[in-house]
Amino acid sequence: MSKLEKVLYGNRLKPFLFLVGLILMLPFVVKSSYIFTILILIGIYSIVTLGLCLLIGYAGQISLGHAAFFGIGAYTSGVLTTSFQLSPWLALVIGMVTTFFIAYLIGIPILKLKGHFLALATLGINIIFYILILGLNQLTGGAAGLIGIPSLSLFGLPLTDKLFFYFFVWTAALLVLLLSLNIVRSHVGRVLRSIHDSEIATETLGVKVENYKVAIFALSAAFASLAGSMYAHYITFVAPPTFYITKSILFLIMVMVGGAGSVWGAILGTTVIMFLNEIIRFVGHTYFGISGEVEIVVYGLIIILIMMFLPKGLMHVISKPIQKLKQKKKVKIKSHKDMISQKGV
Amino acid sequence: MKKLCKSICSFSLMLILVIALSACNMETSGGNDKKDGDGGKEVIKIGAIFAETGPASTLGKTQANYVKLIQKQLDEAGTINGKKIEIIMQDYETDDTKAVIAADKLISEGVVAVVGATQASTSMAILPKISGEGIPLMTVAPVNPEAKDIYQMAPSNLTNASLIIKFLKENNISKVAWINARDGFGVEGLPSFEKVAKENDIKIVAHEEFDATATDMTVQLTNIRKKNPEAVIVWSRTPGAGIVARNFKALGFDIPMIQSSASANKGFLDQVKDNNENIYVIGSKLSVVDQLPNGEQKDRLKKFREDYRTMFNSDPDNFTAHAADGFHLLIEAIKAGNTTSEDIHNYLKTEVNKYSGLTGSFELQSDYVGPYEDGFSVLGIENNEWKYYE
Amino acid sequence: MSKLLEVRGLTKQFGGVTAVSEISFDVGAGEIVAVIGPNGAGKTTLFNMISCFLSPTNGEAYFKGNKLTGQKIPQLAHLGIARTFQNLQIFHNLTVLENVMMGAHVKLKTNVVNAAFRLPRILKDERIAYDLALDAIHLVGLEELMFEQAGQLSYGLQKQLEFARAIVYKPDFIMLDEPMAGLNDYETNRMAGYIKKLKSEGISFLFVEHKMATVMELADRIIVLDFGKKIAEGTPDEIQQNAKVIAAYLGEEVV
Amino acid sequence: MELLMQYIVTGLTVGSIYALLAIGFVTVYNITGILNFAQGEFAMIGALTCITFVNAGLPMYASIIFAILISATIGLIVERTAILHARNTSVIILIIITIGVSTFLKGMGLIIWGTNPKQLTPLIKMEPIHFMGAVINPQSIFIFIVLLILLAVLYVFFEKTYIGSALRACEKNPRAAKLMGINPSTMSALAFTLAAALGAIAGILITPITDATYEMGFLIGVKGFVGMVIGGMHSIPGAVAGALLVGLLETFSGGFISTFYSDAITFLVLILVLFFKPNGIFARASGERV
C-alpha cells in the first residue's frame, strides 16, 4: 500500500483481515442452523447495504426503493431458472445487467430531485414494482409466488449445504466490500462526498454531478440485484410481500444505524439489526410470553434512540477509540513530512 | 448532557451485542429444554408455523391459541409411552422469509413433524426445506392439489369448488362473477373452480381482483354489475372479504354472494352485522355444531368447541380445526409408537387410512386431497348467526 | 492583448425588474478586471450570467472566441475558468487536503469503473492530484492544517481554502465573488498577494469587491455598475475622477 | 352515464379519506418542514381509542372527543421526545426517526388492541342514497362535510389568527421568526398536536367504512402523502384538491383500465408530478437563489 494511500485514507488491511478471520472462524463456533441462516442472510443483506451506503453515506442521495432492485434480481433469477431453464449463473448476471440499466434509466430523471421528494419518488418506484410483480402473474406467479427455484452449484459442488452457501455468500460480500472500498478510497470517493456537501461547488470544479449520482445509484441497484438473486436461490421461493416498502425501510435503517459515513458501517449495521430482531423476538417469546410482531415496539424505540443520540451511527462510536488507540493523527503528519522532504519542495 | 447520552447509548448497544453472542451459544446448546432438563430423546418435538400477527393473523391467531390448548392437554395427559410431547410454535408474521427462517429453526431443534403455514404460499415456501429433511408437513391451507409428500388437512380448492357448484345447481344459477384478493390465499381459488365449473357448464362472466389491503371495492363491483351475473363468488380473507360484502349490499345487489372458507369466522360476522341476507359462506360444520343432527360428529365438534371456549372464551373456526386435525393425526402416530420422522411418514402413508377429522373424513391412502365434503357445507347467515341447511 | 473574455450586451430581467441591462466589456490575457457598484447594482447577477449559473434574457459572453453562454456549469472548468462563491461553498466533511485535491478533477481520468477495479490509472491520478494540491496549499500556506476537517477552519482560512481549490488546476481565468468579504486587513493583504503572484504567472481575474482600497490597488481596469447599467469603465485613476461614478457610488468620500 | 356517476362518487369518497390525512401531513410539513411518516399511525390511534371508548359504553360524541384528545397528546409527546431533539439534523435522519415512531406506535397498537379488525357504528345510521344511478354511502357525505368544515376552520386559523400566521412564518424562515419573538419549538409542538388531532378525526371518520386494525396507518398514510405531494406541499386547499384527484384517478383508472394497475397508475402520476412540478400542481413555482 503506497505511502500516499496510507497518508490519505489510513489503513484498510487490518479491518479487512479482522473481518475475513471472523467469517472463517464463525462456522466452527456456531452449530445451530438457525443462527447459520441468520448469518447467511446478513451476508446477503450486507451486499445491498454496502451499495446503499455508497449512495446515502457518500453521495448523500436517499433511496426508499432498493427493495425493488433487490426484487428485480430475485425475480429475474427465479423466472429465468424456472420457466426458461437458464443456468443460475447466467440468470444472476442477466439480473444484474438488467437492474443496472433499469436503475440507470430511472436514475437520470429521479436524481434531479432532492431530500423528501427523492425519498417519495423512490418509494413510488418500489410500490409500482410491487404491483407489477403482483399483476404479471403468468410470468412471476403473482401473489402465489414463484416456487422451485433451483439452488446454486459451483463447479459441481452443490451449494445446498449451508456451509458452502455461507462461504459463497460471504466471499461475494467481501468482493463487494473490496469494490466499495476501492471506489471510496479513490478520487471518485472524494467526488461523491463533495456532491454530498455542496453540489454547486462540485459542478464548478468540472464534475458532471448527474453522471456520478446516476452511476452510483445504478451500481448500488446492481449490488441489490446480486443479493436478490442469491436470496432467491437460497430460499428457493420468492413472493411479492418480501420486496415491499417495509424491506426498503429495513435496508435504510441498517445503513443509518451502522453509520452511513463508512463502508464498514453498512456491514456492522446489518449485523446489529438482524441480531436485534432475533434477540427481541427470542426474549419477547420466552421471557415475557408476548408473541408476534410485538418486537417492533422495542425495534422502533431503538431506531429512534440511535438516530437521536448517534446520528453518525455505531461505526463512528467504535472507530473513535480505535483512532485514539493508534494516535492516527501523529502518524499522518510524520509520514507526510518525509513525503515533502522526499519531493524536495 | 450529550456526552452522557452518547456513553449510555454506546454502552447499551455493546450490551446488546454481548447478549447477541450469548444468545448464539444459548441457541447452539439446544437451548430450550427448560422444562425437564433430561436428554433430547425423552421429549418428542412437533413444530408449528402459524401467522399469529400481520394480515393473515385473522386465520392464524386461533391456530396459535390452539397450540397452547393442546400443549396443556398433553401436559395433563402426561407422557405417552414414556415420551413427553412438546409443540414449538413459531409466528412468521405473514412474512414468507420469516417462515423459512422459522422452518430452519425447527429443523435445528430436531422436530419430528411440522404443522404449518396458515397461508398457501407460505406452505409452498417452507415445503422444500422441511420435506428436504424428510420431516412430514401437515398443511392447514388449501395448497395446490398436485403438491407432493405433504398431508393436506385443509380441503383442497377442488372440494370447495364442488361444494359451490352443488349450491349453484340447487339454486339453478349458471352465470357467476368471481372476485378475489390479490394475495397468496385469494389467487388460489379460481384455477380449481374454473376446472370444475367447465364440467358443469357454469359460465364465469366476470373476474375482478382487489388489493388485499384495499378499503373500497365499489369500482370492481360496478364492473361486475355491468356483466349482470346471477351470483358473485368472493375469494379473500377478512377484513377484505367483509368490505366487499358491505359494498355489495350498499350497491343494492339482490343476487346471492358466496364467500370462501376464510370468511367463516367471527370477524366476518361482525363486519356484515344486520346487513347479511343472501350472503353464504363455505364453512365447516364446526360453526353450526348445535344445528347438526345428533351423532358422533356433533359430539366431537361440540367437545372441541367447548375446550377452546373454556380457555379463550371465543369460538374456534375451521382453520383452527385444520390445525387440530394435523396435531391429532401426529399424536395418534406417536401413540402408535412412532417417534422418528420416517416412522411417522410410513405410519401415515401405510397404516392409517380412514380418519374422521374435525373438518370431515380423510382417506389418506387414496389420492383424494384433504378431507371429503362431509366436514363442510355452504352456510347462510340468519340474525347474525350461521344457519345450517340440511 | 488577445481578448480572453468578451461580454456582449448581457441583460437579465426577473419578471418586470431589469437587474442587468446591456452590459459589454472585455478581459484581456493576464489582466485583472474588477466589477464594483453599490449594493443591488446587479454585480452578482452579472457574475452568475457569465459563469452560466443564470441564463441571460439576451446577450452572450465569449471565452477565447467560442460561445460561453448556454454551456453547462461543469464545462467551464474544462475550458479553464474557475470561480469562487460569495457565500463560501466548501466541502465541510472533507479535509483541507481533500478539498484542494478535488480542484484537480479536470486533470484526472478517473471514473467509477476504473476506480472500482483499482486500475493503475487510479494511483497515477492520486499522485497527480496530490502534487497539484500540495503546490496550491503551499502557496496559501495551509500546510499545517492539511488534515483538519474543512468545516473546523476559521472563516478567513476557509476563504483561502476556496481560493486554493480554485487555482489548483492552473486555470487561465478566475472569477472571484467578493474574495475579501469578511477578511481582516492582514488576511486581505495576504489574499491580494496571492492574486498578484498568480497575475505574474499570466492568470487573468474578474472579481467583484466592495473594499475600494484593494480594488484600486489590484485592478488593471474597473467596471462600475449602477442599477444594472454600466456607467463607467477604465483604469483605477480614471474611475476615481469620473463624475458619474462619484455621484452614484463614491459620493462624499472622495479621498 | 350512471356508471360514470358511480365512479365519480366512489372517487370522491376514497379521495376525501385521503384528503383528511393529507391535511395532517401538510400542517406538519407547512410548519416544521418535516414529512411525518407516522401520520397514518395517529389515524389508527384515534380510531381504535374511539372504538374502545364506545365499547366501554361511553356515548359516541364523548368517545370521539376523548379519542381526539388522546391522539393529540400522543402527538405532543412524540414531538417533545423524538422530533424536538433532532430538529435540525439532515432530512434522512428525520425520515428515519419518523419511521421509528411509526413502527413504535404500530407495535403499541398491536399490544393494546390485538390483531383482528374492529368496527365502529357510523355516526348517522342511514340507508345508502341513490342519486342519479349512483349509490352514495351516507358516511362519505358526512366525511365530505367534515372535510369542508375543516378546510374553512384551518383556512381561518392559518390566514386570519395571529398564531396561524406565526406558524406559517416559522416554516418560511425560522431564524427570522425567532427574531420576531415566535418560538419555533413551541410552534412545532403545536403543529404536531394539531396534526395528531386531524389524524384522529380522519381515523374516526373512515373506520365505519374501512374498519380499524393496528396496521391501517401505513397504507392510507402513503396515499395521503401522494395526495399532498400532487396537490402541493405548501397549501392546505392544494393538498385536499390533490387528494381528491388521487381518489378520482384511482377509481377511473380502476374502472376503465383495470383495477389491477390503479395503484401503480396513481404512483406513476406521483412520480411525473415530482419531476415536472415538484411543488405540486396548485402551487406557484419558487426558485432558489444561489
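For reference, chains read A, B, C and D in written order, and residue numbers begin at 1 within each chain.
Definition applied: contacts are C-beta pairs under 8 Å (C-beta built on N, C-alpha and C of every residue); 3 or more make two chains touch, one makes a residue touch a chain.
It should be emphasised that the depicted structure is a prediction, and the values quoted were computed from it without experimental measurement.
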Joint neighbours of subunit D and subunit C, given as chain labels: A
For subunit B, the least number of touch steps when starting out from subunit A: 1
Between the pairs A-C and B-D, the one where more C-beta pairs touch: A-C
Per-chain Cα centre nearest the global Cα centre, belonging to chain: A
Length of the line joining the C-alpha centres of subunit A and subunit C, rounded to whole Å: 41
Subunit B and subunit D, separation of their C-alpha mean positions in angstrom: 36
Between subunit D and subunit A, distance of the C-alpha-averaged centres to the nearest whole Å: 33
Between subunit B and subunit C, centroid-to-centroid distance (C-alpha), Å: 73
Per-residue overlap in subunit B, given as positions that touch at least 2 other chains: 52-54, 57, 182
Subunit A, residues touching no fewer than two other chains: 134, 200, 292-294
Residue list for subunit C, restricted to those that touch at least two other chains: 53, 85
Residues of subunit C that touch subunit A when the two form their complex: 51, 53, 72-78, 82-83, 85, 89-94, 97-99, 101-103, 105-106, 108, 110-112, 115-118, 122-123, 125-127, 129-131, 134-135, 138, 146-147, 165
Footprint of subunit A on subunit B - complex, ascending: 2, 5-6, 8-10, 13, 16-17, 19-20, 23-25, 27-28, 30, 32, 52-54, 57, 64, 89, 91, 93-97, 100-101, 104-105, 107-108, 120-121, 124-125, 127-129, 132, 182-184, 186-188, 212
Interface residues, subunit D side, partner subunit A - complex: 35, 81-82, 85-86, 89-93, 95-97, 99-108, 110-111, 115, 222, 225-226, 229, 260-261, 263-264, 267-268, 270-271, 274-275, 278, 290
Complex contacts: residues of subunit A adjacent to subunit D: 56, 62, 64, 109-110, 112-113, 115-117, 119-121, 123-125, 127-128, 131-132, 134-135, 200, 245, 249, 252-253, 256, 260, 290, 292-301, 303-304, 307-308, 311
Complex contact set, residues of subunit A against subunit C: 2, 4-5, 8, 179, 182-183, 186-191, 193-194, 196-198, 200-209, 212, 215-216, 219, 329, 332-333, 336, 340, 343, 345
